[in-house]
């Protein structure tokens, strides 16, 4: 059986900057695949290529056997791909529940006319989905923050809301860009726990970028290391961590915990 | 993050129960209280403006697409009423929705422009729309009467119920009920939209367009829909305006009107249905109230030749400008928020500490 | 036969006024990121003040002009300090609304002081003309063009060679971060408004002088310059001038040709031509001729 | 002598509870001090109080005082920057539509023109990645590169006191080490650093003393060396093998 | 017999309404018109009032020349006044016409649309724009024009612009002439070179122009630059005293006529009304500059006074009474300030057929000298509304 996501020879440049070059890897179903690398190595760019935010200059990307190139961004959610953003992509004026509820957007049907006239089917759908949202809010412990515009919440909470929104999309492939950057130890541990729960409960395949090595080591099944857009290592976390190229390019001599 | 955003969240919550009762009482009683006075007519204008503001708020407040182009759609609605209701002699229940449809179509035509443009540039395209509209309105004489304008006398009766003559009430009283009834209906419809899937999608686009696409929102479709619906509502307001005033000419649909509508939603409260209505009432009444006040000040003259430091008009304009700035600075969340904050200390939104 | 060169020259002279006005818009936009509708009010105020210095105080034009520019600049800076400073953190369109409110107020000032009657600037230009390439050109129009060109040069140096210029762009980009660098946004904004006020006054004087009269209508001319700013790109002084001249030429040419070539497009097509240009243009180059694209990244 | 001292400082944001409640600590001359604490503890608020940016967030000081260089610290941010207080703000805050170099020059706004050239050289030496990107819009850079710009921009003013709000955010381990090196370097030159970090291990390794805030109050202060071994601190902030929590 | 109290009349004072642009670009016209009303009624009140005993009070509201505002102000005033002594503007008056019908209200419109002539709710004064244009054009044809004149128009694209042009076209048709070029301009035009080049290339010898003073200055300025010197015949509102100090005055004196009515300012010999007017100004508003719009207001007020006097004579100041007074009113003599208006039954109403052609002369008080005064061309007599 072929991998859920297959990336082959992907390359993209911006002006003179070659952000990705000959990147290839497979992500197996229900695995957690991590991408690391120095700043500007092209990790976020890779995510952007996978989610139709950029169109790669070269290469192919296949998901569930079909190509992801040329897919429109708005169709990704329906295909089972969800992502979070390095700089947070919350809807600032909406509260936690509304943000998460927006994750249900493509699972819902109601259009303008139905919404305006509040047909019974519309109400039912709304209630059902609000129920799902309540579960997620509960899972992530977001209850205390309902009713406050997300922009006013603490960073750690906002990261959780964004994760919740991605979860609400019930994705097959979840892309997380630096989920624990800016979080303290406790929150990091909690995020790790949540990711485990997600994997256990929903069998979601996860693609993850992170600089926190401790966090990664405990979670990742496989790790891809990029430098200046090129893959320099790919393998199990323990092996990658010992790779001298990786140490030279990324980890440096001593590894802060 | 300013507390203006809390307002946006609170304002979307349903008002408590005593409010609707109070509003219903006002709706029925005000035309009697105001009698056949000038203020009743101003209230009718306020109602018409409220409908337009509800439409604009959906587009600008909820979808984040700032538009100065509202006059174009208001005008189109008025002329549509003239053509459907007068030239073609269609009944009320056809010409009014018909005007809405015309607005809908025009909005859908203009909407795609918004897809490529953001921020100031979008504002400027809608700004240009006003002038292009003026050009069309002054040249398409068959429909608009050209620069000279046209009369609009249209029926406002649904079957046996004639809104120009309800149980012996005056025309103004009837129009009050008609217009404010439509305010209520539009408010209800738009409120429902805002609080459902499509409305949330619009707000997502406003807050972060790119992310909106990632949750599966068809941004182009939604933006065009927002333009179309907002324009449809505006056209209904324009049609009612034409029917009430009975004469319109192109110069009315000018930039100033567009600015006034923006002022309404800012003063009332951006992104809240009640805000649009409150803003419309305030902006419509303000100049007339100020005229009352200013006229009785000692250093103010009715016109320039009478001496006095300043004319009523100049003072009026100055106060108007000052008040708008005042609202912006002092009540950035708009009056809707100020009102709900004053009224709703009990049901204040939960906030973490 | 309609003389094409004449039309181009006329378009240039009309366009140079638009250019001057547009520069004022660009100035405030660069520092604050907002489109300042009050510009028209400043323009009108400036023209009336210059007129007053000449007719009321009896100064000569070349003294009245800088005096009026200084005064208008100070009024503009004062507006910034009293009103717009308080709106620093508000969303752009709230501020735009406030500029409109200020416009309403500003328009009343000269009217209250000088009434609605039309006034003569009594400038030294009058109907003086020179002949260029066998076309008669008003000297005042040449001056206007020179002022526009001079202003662009000065502004270009200012924005790209001075610290204040850099500070201005930084402030427009992120006011709080600018403050954190030790930049005083108040000073930056007040400077921008001051310069914009001076430019507005200059435009007003050139617009009310020559064979024209000073009238309350002046404030509306500023609105006609807005397509020029957009065409040129909101943030580019050079763009403002190029845009202004393009719009001026388009307007004059359309006025000459449209009634015979395309009467079915309606009367006074030349007045909407700038707006059609604006819309059409934005479709292909949403950032204007010289504007920079927003650097959006995922 | 202390370069900076906070005495019993309390801060309240408009319509919110106290964000800082009687906080006192010192940053000695020529020292690196770490300011730690969980999310929402008031670290950023403390930095804002020092840099004078509180008013931009609807906050005001409600009590206590701040002394800098032996004098009460008052006045606007610009004055404080001129007095040598530079900062890296929370959340990078680069000017997205200015080029990298222009961003850096903004950081040197208060510095005499003559120093700008050498300032730029130092920043480019510290972050070689930025050299090739000098003319690019800062908004186009990767998250980590933007953070480098933010740190570099603060260094441009040649500060006496450098306030850093989570400088390691989103940076690769190697770059964090570089920044650590840079902080030591400017410290050696005589400047002081007040470092807010989520990465407590790093912060405690770099700093000579530290102050831990919890819900607006000082929970623990002391020499970093001691805190590193303090069991309470270890448990709450350092914790071995973060991921192994499960 | 005591007059019955009605809205706008409390037994002693008669209240009249004025709706005029006291602000905005048209205020430059609305303010002097309104001043004309004020001066007239101050004089009437000084003489004891209408019919010697009823003082007149004016309620003035600003419409900024906008129809929406006009409707609102009309509604605000209508229950407090006997009739309206002035409503300024063509489109604004049209906007309230439907209501005038239902309310049976009489209004004196401060505008010259020919449509007003036959409206039973309106009390117009003076010659229409059509007549003024007809006479001026005829005068030109009879004096300056060659056998095959090239005639053109440069008119505003609105009812004001079209009205005068109708008169020109009427004469042209009668005399078998073609209009060589008709070009439009608009309120916001700044340059006019495009239009001027068109007119010039058409070889126009006479250009009929309807515009406003600042634009007239620019139009003739640019014409001077283009070396274009036709005979300009400008509609009355295009004139303003400020033009006398402007650098274009030489060109104006040489090339521009005004199609207007009445007499030269200060010419008391030809017009007893002028003596009266100057005395009233001296008594009630000494700082009033010479202004044709002031005269319009003054004349309107005189006509309204005649109508109210009639109503008082009938003993009925109610709205029906006033409408009846209007329908049965005699001719009103304006002392030569403008032509006499034959009021009375609506189908028989006849506005003045006489008007005046002025040339520009900076020596004259208002800058205008009459070239031919108070005359009616044959076409003017034939013109039907």
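Letters are used for the chains, namely A, B, C, D and E, taken in the order the chains are written, and counting of residues starts over at 1 for each.
Operating definition for what follows: contacts are C-beta pairs under 8 Å (C-beta built on N, C-alpha and C of every residue); 3 or more make two chains touch, one makes a residue touch a chain.
Chain labels with UniProt names: A, D = ABC transporter ATP-binding protein; B, C = Branched-chain amino acid ABC transporter permease.
These numbers were taken from a predicted model, which means no experiment stands behind them.
The chain pair with the larger count of C-beta pairs in contact, out of B-E and A-B, is A-B. Farthest chain from subunit D, judged by C-alpha centroids: E.
Subunit E has its Cα centroid 36 Å from the Cα centroid of subunit C. Distance between chain centres (mean CA atoms), subunit B to subunit C: 31 Å. In terms of their C-alpha centroids, the spacing between subunit A and subunit C amounts to 48 Å. One simple way to say how far apart two chains are is to compare their mean CA positions; for subunit D and subunit E this gives 75 Å. Contact with two or more other chains is made by residues 89, 111, 116, 267-268, 271, 294, 296, 298 of subunit C. Annotation for subunit E: residues 23, 31, 157 touch two or more other chains. Residue positions of subunit A with contacts to 2 or more other chains are 44, 53, 85.
On the side of subunit D, the complex with subunit C involves touching residues 51, 53, 56, 76-78, 81-82, 87, 89, 93-98, 102, 105-107, 109-110, 137-140, 153, 157. Put simply, subunit D touches subunit A in their complex at residues 38-40, 129, 132-133, 136, 140-145, 147-148, 166, 169-177, 198-202, 205, 236-246. Residues 14-17, 37-41, 43-45, 86-87, 154-156, 178, 181-189, 192-193, 196, 211-219, 249-257 of subunit A touch subunit D in their complex. Against subunit E, in their complex, subunit B makes its touches with residues 36, 38, 41-42, 45, 138, 147-149, 151, 153, 245-249, 251-252, 288, 302-305, 311-314, 317. Contact residues of subunit B toward subunit C in the complex are 2, 60, 66, 113, 116-121, 123-125, 127-129, 131-132, 134-136, 138-139, 210, 255, 259, 262-263, 266, 304, 309-311, 314, 317-318, 320-322, 324-325, 328-329, 332.
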